[in-house]
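By written order: A, B, C and D. Residues from 1 in each chain.
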Amino acid sequence: MSKFLDRFSSLKPEIDTGFSSTASGRFLNENGMPNVRRKGLNPFEKYSWYHVMINLNSWKFITFLILGYIFTNIIFAFIYYAIGIDHLTGIDHSVLLNELMDVFFFSSQTFTTVGYGRIAPVGFLASLVATFEAFLGLLFFAIATGLFYARFSRPRAFLKFSKNALIAPYQDGSALMVRVAPFKNNLLTSAEVIITVAISNRDQSDSQTEFFILKTELPKINILVLNWTVVHKIDEDSPFYGDVNELLKTANVEIFTQIRAFDEGFASTVIQRTSYITEEIIVGAKFLPMFEPSTDRETTILNLDKIGDYEKVNLP
Amino acid sequence: MSKFLDRFSSLKPEIDTGFSSTASGRFLNENGMPNVRRKGLNPFEKYSWYHVMINLNSWKFITFLILGYIFTNIIFAFIYYAIGIDHLTGIDHSVLLNELMDVFFFSSQTFTTVGYGRIAPVGFLASLVATFEAFLGLLFFAIATGLFYARFSRPRAFLKFSKNALIAPYQDGSALMVRVAPFKNNLLTSAEVIITVAISNRDQSDSQTEFFILKTELPKINILVLNWTVVHKIDEDSPFYGDVNELLKTANVEIFTQIRAFDEGFASTVIQRTSYITEEIIVGAKFLPMFEPSTDRETTILNLDKIGDYEKVNLP
Amino acid sequence: MSKFLDRFSSLKPEIDTGFSSTASGRFLNENGMPNVRRKGLNPFEKYSWYHVMINLNSWKFITFLILGYIFTNIIFAFIYYAIGIDHLTGIDHSVLLNELMDVFFFSSQTFTTVGYGRIAPVGFLASLVATFEAFLGLLFFAIATGLFYARFSRPRAFLKFSKNALIAPYQDGSALMVRVAPFKNNLLTSAEVIITVAISNRDQSDSQTEFFILKTELPKINILVLNWTVVHKIDEDSPFYGDVNELLKTANVEIFTQIRAFDEGFASTVIQRTSYITEEIIVGAKFLPMFEPSTDRETTILNLDKIGDYEKVNLP
Amino acid sequence: MSKFLDRFSSLKPEIDTGFSSTASGRFLNENGMPNVRRKGLNPFEKYSWYHVMINLNSWKFITFLILGYIFTNIIFAFIYYAIGIDHLTGIDHSVLLNELMDVFFFSSQTFTTVGYGRIAPVGFLASLVATFEAFLGLLFFAIATGLFYARFSRPRAFLKFSKNALIAPYQDGSALMVRVAPFKNNLLTSAEVIITVAISNRDQSDSQTEFFILKTELPKINILVLNWTVVHKIDEDSPFYGDVNELLKTANVEIFTQIRAFDEGFASTVIQRTSYITEEIIVGAKFLPMFEPSTDRETTILNLDKIGDYEKVNLP
């Protein structure tokens, strides 16, 4: 923590980032979630199942629902079978497999409240279990369809970040630049950015880390329509002041970028963040334009696949 | 960018509007959405289907739902037919058309979980497909009814803006005025306005644009009950200072007005915006009163069809 | 507007209240909604049906739902009857009334997706209508149950205000006091109060009104647990400074009180307001305590029926 | 209120805590809800049933739903029985008990809209009641499943607080410290803490209480990932300045800690609070580290069972 820390002596490190200066490894994972493992709790305490379900990959979520549906029906099929299939009308008694099939399908017809009635309960116990199963089915589908809709309608920012953070020429000197753009048909207003940087010595045995909030030229935007190049001017108050190549060689640098905005479609505040590690910071480069007028000059075309495009330039 | 830019030399253009000074065409469309086309993404990435569905016109939305419902039932009808209609009880076998009809109606009765049971599955495959279709139906209607209700209950500001922005006499000089009023039985509190103006040379080849946030006499209102005339006083700090007719002749001007407020019925923040282009700015006019006491003087009557009414007046 | 306006010469009237100084009648009705009638719009534009339904009295809302349900079923009953009851199985053909009854009940069993199947569609047209009715039923109940639940779970502040505003002794002089208390098992945090007063001459022909925001001794409270006596100290900056009895005799005074807070159960911001007119302002009175220790001194008892209790006192 | 109050003479007590200085007993209960009983209202006014249901223990909530379901079905069973079971087809007339059972199950099949149709209404009255019951069932399950899902998806902070507040060495002097950590897979951003302390004389007959908001070294954190040790430095502006052991012996002290943050999964603001009473304040102790690097040093492990771990130390 020697050479580059000298440079920081006049800077006030931030202490309100929520990360500890003695934490290990990358701070944020690529998915924007913190790189922390929790211990000392049982699984029921440890997880918010709502968050698990909301963040699950779509295919896994659908598979989970279908498996839950099939599993519940199998359980009830066995209960009806145990009670006795003579408590159900319309069962095909030809072979055992048909009997099992029919109790399974009776269960699913009850659980979903379809209730064709071709198979129907007649005895007390089967009727009672069916009464309970229909009730349970309504609760099950409350959660299942609630989550299904919540995943569909969940407030998200829908922002694309550039793959790299650049050290680019800016005014008389240079600036750290990150580019972000909305990529869907939503509309973000009152967008705010916070950029934090974590700097620690390359040498693993000394994992002390300093955090700095980087001042940006334009921390707030009224309506986020086109791309937004977030600019942190590198002056004597910046931790990147001086020989930035040397800094990136001797230290692990991680840049956290968080955008907070209001989305009208969702009528809610949305947040998105990403982080850039040392290898993702490119010294001496500037972003290429990513929008252009349409040929009729009546609208502007935003090329989202160019969000990360840059060219090498010399720094002053 | 010659004549009128001179006047701006002492003004600080705003850079945090989210629009680029090199974008083309009108900035906001009439519907308040930005005039931008996105490229470089596949359609699945490009759209937030929630936003598409929420913003769709009512008739299109209903048609979309009905077509989705019919289409799904046709698919399942063919599956049941392919499996074999002998796996279903109660089918009218008289003619092929009747058979097709009955599998279609069986499908719809399963998909909606009505399940009369006149037609019911007996074989394994048909039962299995029906089990799956009922499950799918519940998920389909979770999205369909969720969106249907979300469209009905979505937080919106319900504001009417005047068709024109006026340059009206104000105090000793003049002011830019825009009028807005709530037009429904909702109640907006803590309403805030932001007015931004974009000014660019008429000459298309030089599309450089400057943005200014206009100071307003009263940027915040506690309870928005009657009309609100938003007033931007034209003094030496205003981009409209000087010969405003000349400005409107030589430059493209677009005025963005955004209102943000809290609605108690929705218990949510709501936002609405509009924009006025050069042709919609009227120099030398003032708004006519749009409310009057009731005949018994016990209440106030707000005439919403008069929101844009103005009369020509001479500016000082 | 003579005598008492002199006193106001040194005060800056508020202009951001949202009310016009030339509006007529009481500003807020007793229910906290503004006293304004809207004109110039057709009923579809004029109302947010969501707000209408959310604010409807419970009995009216339930009646509305039931009538909508019965009415829809009658419509569909006639459609099925027009199509021909031979397209339905299980109809009791004994008398016309029984036929009508059975199509009505078939309709309701379809609309709610109960679908017993005792009566079931067999012909193409009846099946098609039933297919559509089940779909419509799901949409109808999406809105009906959505609203039913929204009414039940809608974020509200649940505050009780004192019936009167008092002019009470305070420190060396006097203060305007209003009392408010939460009356349900919810918990309000970060509660803020805004008090505005509207003062206009008694003489109806001169309906010019001045608005003032009243400074309060304690405009914000962290956790609103017991009663909150909102205190506006009457000093030379207050519109009530001087002979307050004279003011109330010669002017119409209306005091608006609005509380805004965060409720954790709803996880939402909630707002409630009320207004006090001249007759509801009592000069020379102070609120009586409304809470007391429990007999075991282990908890505090809040007497909500005493929220408005006061005793007459002499002002200094 | 003698000895320790002298010390407070230079401090400004807070008056905006929402608690009265004359309230009795503990201010917040262990569950974070205020220790207040409400009187003077009937039960319908007194409770927000939404809050009751949302805060109910899970087992009680499920039991309540099941009892409501069974109870409603029993009521309707008796209605159908009173109408006459000859108005229902498919009833098992063998013995009275079977008849009663069958009307009960018919009711449940109607209420849940399963509608097998084995038992189905034929007469006018039974059909009418069934029509109404299916409608009621949809409303009942709107509330039941709405609450069920709301409980599952309700925005909560999921924070664990340390069991004790410590007076620990800090810089040259000492500080009051409280530790908090997120314990689930949610992500809190923009977390803010407010610490308030209530101090009253041990002597019950003199229950005057003073409130102070404690300044913290770091009142806000950007991303709350690891534990957060909230630090209130004890200097001459602190109510704990001087002989803290003496203070805790002669006075009842209660420390309220409230955290407010934004959760992205819920897209909502969340709040959690706790309070520490005199016995839970430990003088001369410091928290032990609760996180450590993983063995591969690639991530950080947070031990949530160590949240309250401390060791005794000497204060300077």
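The criterion applied here is as follows: a contact is a pair of C-beta atoms (placed from the backbone, for glycine too) under 8 Å apart; a residue touches a chain by one contact, two chains touch by 3 or more.
In UniProt terms the chains read A, B, C, D = Inward rectifier potassium channel.
Because the structure is predicted, anything quoted here is derived from the model rather than measured.
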Same or different: do the copies chain A and chain D touch each other through matching residue numbers, with over half of them shared?
different
Looking at Cα centroids only, farthest away from chain D lies chain B
Distance-wise, how many Å sit between the C-alpha centres of chain A and chain C, to the nearest whole number?
38
How many angstrom between the C-alpha centroids of chain D and chain C?
27
Could you pull out the residues of chain B that touch at least 2 other chains?
113-117, 141, 146, 266, 268
Inside the complex, what are the residues of chain A that reach chain C?
113, 115-117
Which of the residues in chain A end up touching chain D in this complex?
15-20, 23-27, 33-41, 45-52, 54-55, 89, 110, 113-117, 120-122, 124, 127-128, 130-131, 134-135, 137-139, 141-143, 146-147, 150, 154-155, 194, 196, 204, 207, 256, 258, 260, 266, 268-271
Complex interface listing, chain C residues touching chain D
65-66, 69, 73, 92, 98, 101-102, 105, 108-109, 112-118, 141, 144-146, 148-149, 152-153, 156, 158, 183-187, 189-191, 218, 220-226, 228, 262, 264-268, 291, 293-294, 297-306
